[in-house]
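Next up: some structures, all given as structure tokens.
Both complexes below contain subunit A, partnered by subunit B and then by subunit C.
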Partner chain A sequence: MLPWLGIAFMIGLGELLTRTEMISSRHFPPPSEMFAALADELTTAEFWTAVGNTMQGWALGLAIACAIAIPVGIVIGSSSLLYRSVRAVIEFLRPIPSVALIPLAVLIWGSGLESKVFLAAFAATWPLLMQTLYGVQDVDPVATDTARSFGFGRGQRLLHVTLPSAVPYIATGVRISAAVALILAVTAELVIGSPGLGREINIARQSEAVDIMYALIAVTGLLGWGVNIVFARVERRVLHWHPSQRVEVAK
Partner chain B sequence: MLRRWLVLAFACAMLVGACGGDDDSGGGGGGDSNEVTTLKVGVIPIADVAPLYLGMEKGYFKDENLEIEPQLAEGGAAIVPAVVSGDYQLGFSNVTSLVIATSKKLPVQIIAQGVLGGTGPDSAWDGVVVPKGSKIKEPKDFEGASVAVNTLNNIGPLVMNESMDKAGADYTKIKYVEVPFPEMNAALEAGRVDAAWEVEPAFSGGKAAGGTAIMHPYEETAPNLTVATYFASKDYIAKNTDVVERFKRAIEKSLDYAQQNPDEVRKVIGTYTEIPAEVLDKITLPQWKADLNEPTIQMNIDLSKKFGFIEEEPSLDDMIWRGE
Partner chain C sequence: MRSRALATTLEITVPVLLLVLWGLLSAGSDTYYFPPLTDILRTFMDTWVFERVRSDVLPSLTRLALGYGIACSVAVAAGLALGLSTPLRRATDPIVQFLRAIPPPALLPFGILVLGVGNAMKIFIIAFVCLWPVLLNTIDGVAGVDPTLRETARVYEIGPVDRVLRVTLPAAAPQIFAGMRTALSLALILMVISEMVASTNGIGYFVLQAQRSFAIPEMWSGILLLGILGYVLNALFLLVERRVLRWHRGSRASALS
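Here is the complex of A and B:
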């Protein structure tokens, strides 16, 4: 109930500010007009193609980020020697805004899907890598020692002790990265003009069709919201055995 | 229930995306005119490039065995690098950008006319708009004023400066502010700038909001000023001369057709932009014709030098590809 109240309040506020022209309605349409434009958009094939293109770039970017960040994080996190030697490199690369790499991406991959996937993957890799690193390093040393004294090998310890302990961290990392990848996919479309919602936003902007523009912007927000819900649900289901999730369920 | 629908919608969207996604048919294409060559043409979603879309509709490109894939870029600045790198085969850019690029030794050449300014102030599709109640009444009043242009040191300030100069006003006293076209009217209304050099559809929007156009820089710089052209990289032209010739023939036919059929132009603009129909009916269309009007390109070179946008003047022969 409460979330809906918050949403209703935001929409009402937007309507009030624009109807009273405190914000010029010519440049920022009232939410009601935005929804009307959105309803029109929903019936067009172009809109769904754009959503598909965006989600395609997002999914590939996120998949690549997972394929890189999780194994690399586990390997680096398991060895303090390795961790200390690559930490500086990671801390150097991590704060680079993906958007700043757009010229590089365009130069190497052009203006299509590849650039979008690269930017999404680059940005999504870091939060996931950091989460994986923390997760692997946060293993209870007593558990590791116990496993060792029972004669568990390196591989067995990884499988039976380290991974189960790190999975909640990784799951959170994936959820954060999913949002980041979506932001970057839309940004790439906006700036480079790869097909997708971002490009449609830009076309509407160039045409001064503000109602359509903000309707599409709202759609990117809804997509992010949907992605977060789906991942949170999956996380809860997969990790139902973990104490952190049990606490949440008990609430 | 809702969740299931969401999942379904996602799945459909992914599927549509996957199907529509294979636009990787990069057309380098050889010289054989019997096989269809796919050309990626970098354009901006504005009225200027309507002939390209109209020509596609009319089959003019198909007649030349060309398939056009317009690539909508955010702005002209993104198109030149994409053409130089070969990601796009052709591009659409304003002449001043190409003068600057050629002066910097970027290997690009004009291959065909793109769009021209009006024949005179009466058919102008650009103007320097001041908001309602502004004290600016004539060119001289722009001295000391802030004027929004879409790009600094480019065609906007170039024609604005020249029009000021011709009117006997001191253009060096203008404070140029960079504002993207779509945000100019908002900037005007909020009083962030004193005036804005606008083109359609912003121009119509500005006037509809009560603004007045004081000058028409394109038309005052020269009647029938060549504003933007289609271009390619020298490398692409050398290796695909035949393709470029075919494109030139088709686009020139499209330009003439567009000029003679404004109603069809308005209709086609609605297909690749989101300009509302009621606005489309009212905007002043640009001028299109096949002739490059080379003297105005020379003028653009001279003015770029005069206003310090370039140091070395490229020659017309270097800038324009005139066929074999």
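Here is the complex of A and C:
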């Protein structure tokens, strides 16, 4: 009940403030008009194309990030010598804001899909790589030693001991990276004008279609929210055997 | 012990080797987009030491500090209120979740429309985005304070103000710091984005201008500067965190040993 009351209160407050011109409706249209604009948008083909473009950039970027970060993380994480030798390099590359590479991407790939995918993939790789590294290194030594004394080889240990215990970390990493990739896809559309929701928002602002602009911003918020929920669900389903998912039930 | 010495040696030599490799590979480079490393470094010295510190670096860092500072203070205060009151937390949860999920750059047009293209807009964008990780971590930290601690404080009749300042906040501090660290890298990213979209100075503006005028070594030097900034800010933060949370690490270590 309470969450719905909270939502209703916020919408009501927005309506009141804008209808009474406490907030200029030129800058912030009443929520009811925003919803009307949103309903209109939902029926146009351009809107769905834009959503499709954004999601395409997002999905490709995330897939590339997974394909790079998970194997690299497993390889580096399972050898302490290797880890120590590249740690400084990773620590230096990781905090580079991915948006700093926007000019480079534009130079090399122009303002199309490739730039968007590159930026999303670059940004999404780091959190996932770090999570994979932590996961692989956080294996219970007792489990590894037990496997070793039962004569498990290196490959078998990796497959049967290290990977299963690293999976929860990797899953969290994928969820974080999914959000990051979406943010970068929208950023690329806004800043360099690749087709997608971000560009539509910019166009709406330039043509002073304020209600459409807010409707589109809300859509990007809902997308981000939806992506998070879907990944959390999948995570719970896949990891049902893991203690971290069972805590809730135990309480 | 020998393998440990080897690891330390590798840790230092590999990055150096990579840098040398980059320098060698790019030395005779006439590829337009990837100029020789020496050119980039020379441009870096020419541009940033200390030519543009006042005109671009300082304005950028001021915005970053203001936005980040505002976000942290608001988020800790609000997170404390929401963490202490369950009904309030449940009522605001959908709004928090929704606002948090909006990709931050999507708010730029809103910021420009309402606040114009000046500093206020950039600080607002940085603050708005940094707010969420700190807020969510504060809420979780405050709500998750060990009940024994809370009840002990109540039994000893510690007043509400002291309880918040001396029990709740310190107990939630490790988690609040985790949120602040996430927010710091976000602040840097948003600083760059806001300067790329509408600005007349700042590091983000400089990098974009360099690209548009095809000043490739300048562009690379800007990217390099942003990387160094990110690294230094992160290191500074860890230093502060280690100081402030020293008691926490101490208590953890003693509990383990």
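The rule we apply is simple: the second predicted complex is superposed on the first by the 235 of 251 C-alpha atoms of A that agree within 3 Å, B and C clash if a C-alpha of one lies under 4 Å from a C-alpha of the other, contacts with A are read in each partner's own complex, and residues count from 1 in each chain.
Definition applied: contacts are C-beta pairs under 8 Å (C-beta built on N, C-alpha and C of every residue); 3 or more make two chains touch, one makes a residue touch a chain.
The model shown is predicted, which means the values in this text are computed figures rather than measured ones.
With both structures superposed, pick whichever of subunit B and subunit C touches the larger number of subunit A residues.
The partner with more contacted residues on subunit A is C.
Give one of first, second, both or neither to describe whether A:P141 is in contact with subunit B, with subunit C, with both, or with none.
neither
What is the contact status of A:G151 with respect to subunit B (first) and subunit C (second): first, second, both, or neither?
After superposition on chain A, A:G151 lies in contact with neither partner.
One more residue to check, A:G52. First (subunit B), second (subunit C), both or neither?
Once the two structures are laid over each other on A, A:G52 reaches subunit B alone.
Which holds for A:N202: it touches subunit B only (first), subunit C only (second), both, or neither?
It touches subunit B and subunit C both.
Quick check for you: in the superposed arrangement, does A:V191 touch first (subunit B), second (subunit C), both or neither?
In the superposition, A:V191 touches subunit B and subunit C alike.
Who does A:L101 touch here: subunit B (first), subunit C (second), both, or neither?
Only subunit C is touched by A:L101; subunit B is not.
Have a look at where A:H27 lands relative to subunit B and subunit C in the superposition and call it first, second, both or neither.
Once the two structures are laid over each other on A, A:H27 reaches both partners.
Determine where on subunit A the residues touched by subunit B overlap those touched by subunit C, and list them.
27, 103, 106-107, 190-191, 202, 204-205, 213
Which of the residues in subunit A end up touching subunit C in this complex?
Subunit A reaches subunit C through residues 2-3, 5-7, 9-10, 27-28, 80-81, 84-89, 91-104, 106-108, 179, 182-183, 185-187, 190-191, 197-198, 201-202, 204-205, 210, 213-214, 216-218, 220-225, 228.
What residues of subunit C sit close enough to touch subunit A in their complex?
3, 6-8, 10-15, 18, 33, 87, 90-95, 97-99, 101-110, 112-114, 185, 188-189, 192-193, 196-197, 204, 207-208, 210-212, 216, 219, 222-223, 226-227, 230-231, 233-234
Please output the residues of subunit B touching subunit A within their complex, sorted ascending.
Listed in rising order, the residues of subunit B that touch subunit A are 6, 10, 12-18, 20-21, 23-24, 44-46, 71-74, 78, 81-82, 85, 87-88, 181-182, 185-186, 189-190, 201-202, 205, 209, 272-276, 279.
Which bits of subunit A are touching subunit B when the two form their complex?
Against subunit B, subunit A makes touches at 24, 26-27, 45, 48-49, 51-56, 59, 103, 106-107, 110-113, 190-193, 195, 199, 202-209, 212-213, 226, 230.
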